[in-house]
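What follows is chain A paired twice: with chain B in the first complex and chain C in the second.
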Partner chain A sequence: MNFTFSHRKITGLVAIVPSNERTFVDEMANFNFPLARSLKLKQVMGYDKHRIVDGPVCVSDLACFGLQHLFDRGLLDRDGFDALLVVTQSPDYFMPPTSSVIQGRLALKQDMFCMDINQGCAGFLFGLIQAFLILEQPGVHRAVVINADVLSRKVSTKDRNSYPLIGDAASITVIERSGDPAPIHANLKMDGRRREALMIPAGGFRLPSTPETAVLEDDGENNFRAKDNLRMDGSAVFNFVQVEVPPMIEDLLKTACVTADEVDYFLFHQPNRFMLEKLADKMKVPYEKMPSNIVEHFGNSSGVTVPLVIAYNLRERIVTGTIRACLAGFGVGLTWSSMLLRLGPLNFCDLIDFQ
Partner chain B sequence: MQDFLKELADVLEVDEVKDSDVLEAFPEWDSLTALSVIAMIDARYRVNLTAAELKRVDTARSLYELIGAKNGN
Partner chain C sequence: MKTVAEVLRDIRPEFDFTASADFIADGMLDSFDLTILVSELDKLYGISIAGVDILPENFKDIAAIERLLHNYVGKP
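So, the complex of A and B:
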């Protein structure tokens, strides 16, 4: 389905990554694979370093740290926003919502629309769409979207399929009304029939965690993970991305009457470098317009990868100027979404370490 | 077919692939190589294979025939 918005802009963005950095080379010994094959995987997929939380760090810890950073520097007023949308798949609790936890910990005002959104790799787009909608209300002047996940805590260290690429991170995006009538185009599709391609089978109400769900099982290819762990059917996800994403972008650009050449950057979710390069090849987009360097530096932090790719690669550019960006997210659900908008100049764009 | 065998040899990092060669018999063959083969076929022949489809073929020739069949040739 298609969406069109106008008079909306992103005015600031900060990405927060844990200071704890691990390397693929150090972790290779955990995998039940010949070393040479693991090194080949590293080279092809672009695995190197990733940032993961050290200990029982939760989404609200990363989020409160980031918000406090903005309050302390005068970049965001603690009473200056009226909606707090938290997009996560690793909430602090089943109940209450993590948005309420954050509101309470920081003693934010009560006149606040707090909402959790359970979305992953397309979560930045979901958060933006929801923020644009809530800003229809005259009582909402500014919306804050927090994307955050600490999924490394749910990935088996013996699963070469998922562990080398997982990353933890958070981002805070400020969205406001603007005087710009230029349309922002977006589209989105979902297919719940393919929901099992990315899932954590146990730990919810369908299959509560028990000693049995903690037992490591072989996936048939020497990857060991339990039902309590995150599972990814890598080749099914690869196939999904290659089949669904290029036509989605084509539709978006067609609707907006914009050619791919007129787009400055394709800022996509970062599953791994391999998948992004194959996407760029298929879409005939030069690699320099589609950065794919987030997994090798930080890991794949699901919905946070789009703000992370912006903060890491384009900070100077969008603090001082404007780019025409095509954003896209695709993954768990399955869900795929894209958006064409102008980014910048932002009031702030930072990348900070969580201590 | 010769071009295809050459492309396949590049992905498998071997000097030569013959049409009767069994894909899984190559020492380099694993899930990563399978993904690379799928990506190559997608880029070169505009054919999307799933990992399951690739698993069902044995030789280089049968893979080439599968691509032809999916291409409608």
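So, the complex of A and C:
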């Protein structure tokens, strides 16, 4: 499905990461694997450090911290936005929506459109698309998209498949109407038939959590996780990404009549370094135009890795100038989405630690 | 230059790869070993094995791996 927007602009972005940093080397003892193999994997996949919440920190905690940071510095007025879209797979509660929790905790105005979106690795793009759509309404002058997840709380520490790369993070993105008629192209595809490749089997209404769902099970490769934990079929996800993402980007660029050489940066979701380098090779994109350094510094925080890769690598550049960026997210659902737009100059772009 | 068998032995020295017809089914290579193997072969032969080629059937035995490499570099 293709989308085209115009007169829309990202005007500010802040990424929030927990200050609690863990290292792969310190955690290797948790995994039932020889040291040499784990170290080799560290090198190939880019496992090094990851930021995860310390204790029962929730999405609304990260989001309120980030919004208060913006309010305190005069970067965003607490009454200055009319839509609050929260993209997360780890809500504070089943009900009420986390967007309502954030609105209430910060005493935001009642004249506001609050909505949660349950999306993962492509979630940042879903949030942007929804914000662009809601800005069609004359009553909505500015939208805030919060993309946040604390999925480390749902990953088994004995699952080498997932735990070394998991990260927690949040991002706050401000979107407004602009006078720029330049088109923003986006596309997305979804395939729910492959939904079990990435899932948390228990804890919802289909399979409520019980003592049985908390029992650790071997996945056949010495990774131990329970039905209450996040489960990833790494091979299936890898194959999905390599098969589906390159043609999606090719279609996007073709629709926009833009060549890959004319794109300054390919700012993709960050599953691991190996997967991104294989994508870059397939797309014949130089590695320096497709940064893959988020997993090694922060871990994979699902959809938040897209704003995080922007804030970590390009924040000075897009505050003062403009880049043509191709964004992409792919994962849980399964879902894959991409967007071509100009980024910058932004009013602010920052990366802060959650204390 | 190392042979495919030598690369495999470096990754999983505890196994005899000449004695198996299916490394994956026999539990000699898991998905992470495949990742490491591809990374090693890429470096060794100066190639980039495409992500869509990283399938269990292309790594089930030494002959299958050599056939795959043949597509990238000729006879390894």
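One rule holds in what follows: the second predicted complex is superposed on the first by the 355 of 355 C-alpha atoms of A that agree within 3 Å, B and C clash if a C-alpha of one lies under 4 Å from a C-alpha of the other, contacts with A are read in each partner's own complex, and residues count from 1 in each chain.
Methods note: a residue touches a chain if its C-beta (ideal position, glycine included) is under 8 Å from a C-beta of that chain, and two chains touch if they have at least 3 such contacts.
All figures in this text were calculated on a predicted structure; none of them were measured in a lab.
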Simultaneous placement of chain C and chain B on chain A, clash or fit: clash
Contacts of A:E196 with chain B and chain C, given as first, second, both or neither: neither
First (chain B), second (chain C), both or neither touched by A:E250: neither
Chain A: partner with more touched residues, chain B or chain C: C
Touched partner set for A:D77, first chain B, second chain C, both or neither: neither
Contacts of A:L279 with chain B and chain C, given as first, second, both or neither: second
Chain B versus chain C as contact partner of A:D218, first or second or both or neither: neither
A:E262 touches, of chain B and chain C: first, second, both or neither? neither
Residues of chain A at both interfaces, chain B in one complex, chain C in the other: 37, 40-41, 44-45, 221, 234-235, 238-239, 242-243, 274, 278, 281-282
Of chain C, residues touching chain A in the complex: 11, 30-36, 39, 48, 50-52, 54-56
Interface residues, chain A side, partner chain B - complex: 37, 40-41, 44-45, 221, 234-236, 238-239, 242-243, 274, 278, 281-282
Contact footprint of chain A on chain B as seen in their complex: 30-32, 34-36, 38-39, 42-43, 48, 50-51
Sites on chain A touched by chain C in the complex: 37, 40-41, 44-45, 160-161, 221-222, 234-235, 238-239, 241-243, 274-275, 277-279, 281-282
